[in-house]
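Dropping a structure here in structure tokens format, bear with me for questions.
Labels A, B and C are assigned to the chains in the order they are written; within every chain, residues are numbered from 1.
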Amino acid sequence: MATLRAEALSLAYEKTMVIDGLQLAIPTGRITALVGRNGSGKSTLLRALARLLKPQGGAVFLDNVSIFTMSTREVARQLGILPQSPSAPEGVTVRELVAQGRYPHQRWLQRWSKDDEEMVERALVATSMTGLADRPLETLSGGQRQKAWIAMALAQETAFMLLDEPTTFLDIAHQMEVLDLLYDLNAGEGRTVVMVLHDLNQASRYAHHLVALREGCVVAEGTPAEIVTEDLVRRVFGIECRIVVDPVAGTPLCVPVGRHGTVERSDDHAAGLVGMKR
Amino acid sequence: MVVAAFTAFDGSPEHLIVRTVRVPRALVGMSVGACLGVAGAIMQALTRNPLASPGILGINAGAAFMVVGVIFLFGVGSLNVYIWFAFLGAGITAIVVYVLGSAGRRGMTPLKLTLAGAALTAFCSSLMQGILVLNEQTLDQIRFWLGGAVSGRDLGLFLQVLPYMVVGLVSAFLLGKQITTLSLGEEIAKGLGQSTGWVKGIAVTIVVLLAGSSVAIAGPISFVGLAVPHIARSLAGTDYRWVLPYAAILGAILLLVADLGARFIIYPSEIPVGVMTALIGAPFFIYLIRRGVRQL
Amino acid sequence: MNRWLVIRLRQPGLSFRLDLRAVAIIAILGLLTAGVMVINIGLGEYPISPPDVIRALLGTGDETQRFVVQTLRVPRTLVAFLVGGGLAVSGTILQGLARNPLAAPEIIGITAGANLAAVMVVVFITSISITILPFAAFAGAIAVAAVIYILAWKQGSTGSRLVLIGIGIGAIAHAVVTLALAEGDIYQVTKALTWMTGSVYGKTWEEFWLLLVWLAIFTPMAFLLSGQLNVLRLGDDVARGLGSRIEWERGLLLLTSVALTAGPVAVAGPIGYPFGFVGLMAPHIAVRLTGSAHSGTLAVAAMAGGLILVLSDLVGRVLFAPVEIPCGAIAAAVGAPYLIYLLYRSRNV
């Protein structure tokens, strides 16, 4: 199976060095989430992995080949990216958008092969968008639109899917819808998913592998159960919190401690139990 | 000596020239420049399109068409009369564009306004060109005015148009904060409690006053309204309370410099000012674009 | 809503899909165009009724009629169609590249450059024959496009930079033209102005074939590149993610667009200059007709542009007969109200 990793990666954004000498291996066939504060470099890192940014130093290797030595088309057949807030031209229907995902597989004269048609249908089915396929994108809700974009990335038939904040701007129901869909795609088809997530708790719940970034460096990586601790949250996000066990998923749940709205610290804090009567 | 020409007028030729030719000319140039700069800035904020300007949105074309039409039909000769027709043409076009841009279900959207303006501009200018081809006489009379000129305007005429300019400029500056809010986007503005319909309407009225009076007195000068706002925004940022005054000053400067150039470059013959504004403004505009496009 | 017609050929390994609605619209526009052409051919100082026109086209019927029809009238109306089509496709490409509805060859300086070259030649080189004009115009368009591209290049180009710089260059070109018009001799100036309005008057078969060959090279290119254009419209990031080589494709598309403008302008003058009509409006009309900016727009825009110019030519000849108003002047007068009507009726803008 294909592997994706970054070695000694250095990235600058408008003359400021954002990431310097970063090392990261993306576990194949798993869901990886990049978390960190705004400006920690997580989006920049994702874009570099997706070949959208040219590194100032180091390289990103796809199957041990540096992606910048590959043509954009070759890379597009293996890596699919969904950037933040993508925009589509007016009047584009879901089906048309998803069909765009077949671009890396098309040739000058082969513009709509049987494969293309099949993959588009499959992508629509996988994202439950078949019923909405002929609707213009702008008439759909935020969550449905996001699913349409994911369907496009699906039709691209890539082993890796990179998503930049796919759930930001969505309401909670749609957030869950999108995350569950990504989980299904990973579990069912073995696609490797790498996503930048704002919400640490969502990341803990859905990711197999968590990468916490701060100021362009990897502070910790591993399974959520391993690395999500109060100490990590303090270092990465700069806030105090309590880590309890998510009552639904059993993963670590970070409950932030702000300046207001806290009750007295109970003696059972260390045990991390929820619903404990005082 | 300039000051003395006004305070201690002694009938000498130098004083006369300063009084009747140079100062009015400078004043006209500055005010036209200021008005066009501000009008352009408002248009670009309103349509959220960096390509918008009074020129492309129909005002220059409407004014020019009206003037050409009137000359063609009635053979009117004097500048004094042109002015009011130009103003009228500008006003009518602006209103039509605004109405068209607001028609249909979603009310006024930047795209519709822009397209309506462009369509109307194309319409008016094509009709105008048709007339000019048909009638060589009209062409001869009009071609210099078509290039824009700030000379030969006596002070009296200017003073008649000035109140509109002043009202326009002052209202624009006062509206600066509202325009900034509106430039963030229709929904954000509404969310912040702004009555966007009113603001848009007032903004368009201001543009008519400013652009209309400029075209009336100086002919269609087309680059200032497009380029000056970009320059103003790169200096002043996105707060229109600052951008608008900057646009006014920059516009005035551009036009003054252009006028100087127009007079002396092929002395003693004169280049139309509209030509100079483009020749000076455009390279600078291009330089700015290369430095970084500010998407409003 | 989306009905696609899929065409797959095993032998040359060809497959593509066509949007049915677009196909229907193209067919209708085609019929309309044919009809208008027949009427146009029939009108003029020597009127010929439509059935006679058809006979003349088929090679039967009255000899004088055949001459008038085949040698004089047909070429000009065909040229009008080609010019309109070429400009419309050019405008569609530019609007997609710039992602701005105001982008059009007339506005971003390409037509201005062509115009400048031609006007300078007419006004200042009084002894020149009219046949040099197309070459001058052509050279002007290419030169300006090159300048714009070079200036817009800064570690890559962006759509909006190209357009804005194009406007700047166009403004300079326009200013110099205005200067030439204001300073030049009135007779030369009138000649220049006539050329400037754009007209298909007196176009011959030679010019038709020239233009046809030229367009036959670049229009298919535009269609082949339409897939790339669609991808670019999704934004630079998504496009790269889908495997698009952005700079190459933008460059190629721009080249195609310039070529599709330079040809028509060389043959018929800068139609619609300086505010544009066909290149600016035809794409919008196409979008409103097909309901989407996505599929089949190129072809529909081409048909719409062709129809508009043919119609304008007709109106221009008839309106103030026997004086002829150049079709460029009429194009906007005909098309702008229609666009405005479409805007008014559009549910989605």
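As a working rule, a contact is a pair of C-beta atoms (placed from the backbone, for glycine too) under 8 Å apart; a residue touches a chain by one contact, two chains touch by 3 or more.
Computed from a predicted structure; not experimentally measured.
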Q: Among all other chains, pick the one whose mean CA position is farthest from the mean CA position of chain A.
A: B
Q | Central chain (distance from its CA mean to the mean of all protein CA atoms) | A | C
Q. Between chain A and chain B, what is the gap in Å from one C-alpha centre to the other?
A. 50
Q. CA centre of chain A versus CA centre of chain C: separation in Å?
A. 45
Q. How far is the middle of chain B from the middle of chain C, if each middle is the mean of its Cα atoms, in Å?
A. 30
Q.
For chain C, give me the residues that contact two or more of the other chains.
A. none
(Q) For the complex, give me every residue of chain C touching chain B. (A) 100-103, 107, 151-152, 154, 158, 160-161, 163-165, 167-169, 171-172, 174-176, 178-179, 181-183, 186, 189-190, 193-194, 196-197, 272, 274-277, 280-281, 284, 320, 323, 325-326, 328-333, 335-337, 339-340, 343-347, 349
Q.
Give the list of chain A residues in touch with chain C in this complex.
A. 47, 50-52, 71-77, 79-83, 86-93, 95-96, 100-101, 103-104, 106, 108-114, 117, 133-136, 138, 156
Q: Enumerate the contact residues on chain C facing chain A in the complex.
A: 1-2, 6, 8, 12-17, 99, 224, 227, 230-231, 233-235, 237-238, 240-245, 287, 291-295, 348
(Q) Show me the residue ranges of chain B that touch chain C in the complex, using the header's touch definition. (A) 49-52, 56, 61, 100, 103-106, 109, 111-112, 114-116, 118-123, 125-127, 129-130, 132-134, 136, 139-140, 143-144, 146-147, 222-223, 226-227, 230, 269, 271-272, 274-279, 281-283, 285-286, 289-290, 293, 295
